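I have a structure I would like to understand better, so I am pasting it below and will then ask my questions one at a time.
For reference, chains read A, B and C in written order, and residue numbers begin at 1 within each chain.
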Amino acid sequence: MKNYTKIKDIPNLSETIKDAILLKMNPFEFQNLGQHKTLVMLFFNSSLRTRLSTEKAAKNLGMEVTILNVNDAWNLEFEDGTIMNMDKSEHVKDAAQVISQYADIIAVRAFPSLTDKAKDESEFILNSFKKYATVPIVNMESATAHPLQALADAITLTELTEKAKPKVVLSWAPHPKALPQAVANSFVEMMQDLEVDLTITHPEGYELSEAITKDTPINHNQEEALKDADFVYVKNWSSYKDYGQNLNQDNNWMMTQEKLGKAKFMHCLPVRRNVVVEDAVLDSDQSVVIKQANNRTYAAQVVLKQILEDL
Amino acid sequence: MKNYTKIKDIPNLSETIKDAILLKMNPFEFQNLGQHKTLVMLFFNSSLRTRLSTEKAAKNLGMEVTILNVNDAWNLEFEDGTIMNMDKSEHVKDAAQVISQYADIIAVRAFPSLTDKAKDESEFILNSFKKYATVPIVNMESATAHPLQALADAITLTELTEKAKPKVVLSWAPHPKALPQAVANSFVEMMQDLEVDLTITHPEGYELSEAITKDTPINHNQEEALKDADFVYVKNWSSYKDYGQNLNQDNNWMMTQEKLGKAKFMHCLPVRRNVVVEDAVLDSDQSVVIKQANNRTYAAQVVLKQILEDL
Amino acid sequence: MKNYTKIKDIPNLSETIKDAILLKMNPFEFQNLGQHKTLVMLFFNSSLRTRLSTEKAAKNLGMEVTILNVNDAWNLEFEDGTIMNMDKSEHVKDAAQVISQYADIIAVRAFPSLTDKAKDESEFILNSFKKYATVPIVNMESATAHPLQALADAITLTELTEKAKPKVVLSWAPHPKALPQAVANSFVEMMQDLEVDLTITHPEGYELSEAITKDTPINHNQEEALKDADFVYVKNWSSYKDYGQNLNQDNNWMMTQEKLGKAKFMHCLPVRRNVVVEDAVLDSDQSVVIKQANNRTYAAQVVLKQILEDL
């Protein structure tokens, strides 16, 4: 693997999932692979799971890890040809090349503005690092994608499914704050690549980009969509059409024990209890969110392993 | 040891102190014990000594260490059953379980509000982690206790005492800011478990919780209390009765060379010079504060060692 | 080496440069030298290159590294004898001794105020650590000097020069913000110790301290100064005479491809594109700024190596 900025960067998905499950059983098997290699983790936004799991994954492989909160340093310029006489101290062209002097792999977290759709879709932060860095780039959640989360979700689903082709439902949930579409996008793309029967359910106006959903069925009737589901992935996202807007706070879309039926409950976390999902679901045995969080480590580890093997 | 949230968690105090002194002589003897184990240090408040000494202690044992300033991430919800539609992004129930996926031991620093006595005394932050985490918890100073500091103090006192039962005085000092009772509480509890003759001296109104002081003599006359002391531990704390209030700024309570006599001077640091204690004391050979700071490493190390041995 | 706070601390400059180039070829040759040794990096100001390169250098030598953003902790008092009843929580006298309990080497970054010349020139932060710490101190850029940068520059120049005595020009550049003289000072001092023909060019009013420039020629005519240069080091600094003032924003002083001629372009970074230097220069093969950034690692590594050898 050369970079991991999107799901399609995985050369062989089913092999990769199997590899991750093997790493989970024996996390230190490749502890010499990363020896004398450094992962620099750049955070433009805060992080708990991604920070801890990716750091652990890299150390399991014997890598050195360095954390840099970019906002503690200074503002980067991303436009070409600008006269930098305002508040930006360094151009990403220089910063990315410089950081590449100290890193063997650079991981980047950079959320969208949710105000400028075209700019967010250009993935200018992630793609600038990809363009100018001279070492591989790993996406720790960008404006439109969260491929490490999606890989962890695929691992979790593979571990838990008892059917050849389980029914998986992505169900929109209300949230007080406008959130990115990144997790939903990557989950949909990942499920499209697995042997699952995927349905998306959300209120009208919350359609994800058609470039993502393609021919995946969308049902605005949550009850219908959830019928006979094996896995229900609940997630809020803000409107893609009315970009970044929080159109609807309809609490009827909150996931409940009753709606869930016998399905497993999935969520990427952090989750607002009793807004996105009721306590009874999260505290039940049907919730697999902690397993998902645990699998973040092995998703990151298998990605770093494949990149290290290709250095 | 299963957790170290309070002094009473130490199974055998005198053995533990002896062990710590041995670790100090040979800090890397158990450098394989922590191999492939991760300490996650969670800071709700800033730290210098606790951060550096605990990190060093863990690394001396071969552990990986990850530092997380919780306030850089997001606000945690601690109440059960709330509808999380305000500023809290994640419930501690989920966060603690998640962090347990990446940590073998979690250390937590969380100061009191000094405004809500009942809430502070409930130790809701520390105890929530203890309740929901699935790995051991270490207290890096909580609302009401600082057991790592107290253990370092016990080690220092044991190293320095020339008497079978030295006289130890805890002497309140003025301070411009309202401070927690945590250090004083843990020092008193620790001294009650050692072979020392303990006296507490402070102005009226600064009585610590009776649940802590029990039958330890309290003398409001500092001069009388200090008479023939072997060790004088100076510390400010805010009023426990008039909770969190800074009732008295009487500079006469500042520790001086004259008052100290021939006793050793102890303080947990940081210390306000010429407010809590005059320069002459801190800069004299009677001050053992740097030795105390050094012993913070071995206090943390013996605690982590005992927890690792019980994993 | 006992400390590295200034260029003159290097015992043998040409040997040190040669050693650094050897380390670059074999960065892990001395990976046991730093075993069980800890570098504590204290940042009073933000950092990208210095942070990443020094951390990498220390880890290449097998050291443990701990990063502390001092401002995340608390304000330090630097004056002697003060009554600390205001906003300063700890005296540097105590902090430096305490940190020395946990560190084998302490690295400090502390920029000038650019408002109080005498105080900045006293280097009170760096020198307080040097005075009170009981372990060696490394300067990661102080009020008046940046000796790790200058050593990286010397390494770069040594690697690239094709002449026995190349012509080197330090050329002032405009900048929207008042910047320290530290980089320029250390570069001048370093070049004075190498076999180079050094000229400084800047607008009137931007004279560096005469204690630094000594008899190095200063030419206010940039075009004349740049004639036949082999290396041009471009850098902004604020006025030393009108201390900390940004007197002149004359864009004619920006470095261009035309002015540069056939010389190599050097800059410490971060750099404001099209303010300090035009894009065409930075994006050309004549720019060696990324090589300079890379050499920051080996400058730091050779310094840490020499200090470790003297512990």
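Some observations on this one:
The rule is simple: a contact is a pair of C-beta atoms (placed from the backbone, for glycine too) under 8 Å apart; a residue touches a chain by one contact, two chains touch by 3 or more.
Everything numeric in this text was worked out from a predicted model, so none of it was measured.
Chain contacts in this assembly form a complete graph, since each chain touches every other chain. Different-residue interface: chain A and chain C share under half of the residue numbers found at their contact. Per the C-alpha superposition, chain A sits rotated 120 degrees relative to chain B, a value rounded to a multiple of 5.
With centres taken as mean Cα positions, chain C sits 39 Å from chain A. Within the complex formed with chain C, the residues of chain A that make contact are 36, 38, 40, 64, 66, 68, 72-74, 77, 80-86, 88-91, 93-95, 97-99, 101-103.
Residues 27-28, 46-49, 51-53, 55-56, 59, 69, 176, 269-275, 279, 282-283, 289-290, 293-294, 296-297 of chain C are the ones that touch chain A when the two sit in their complex.
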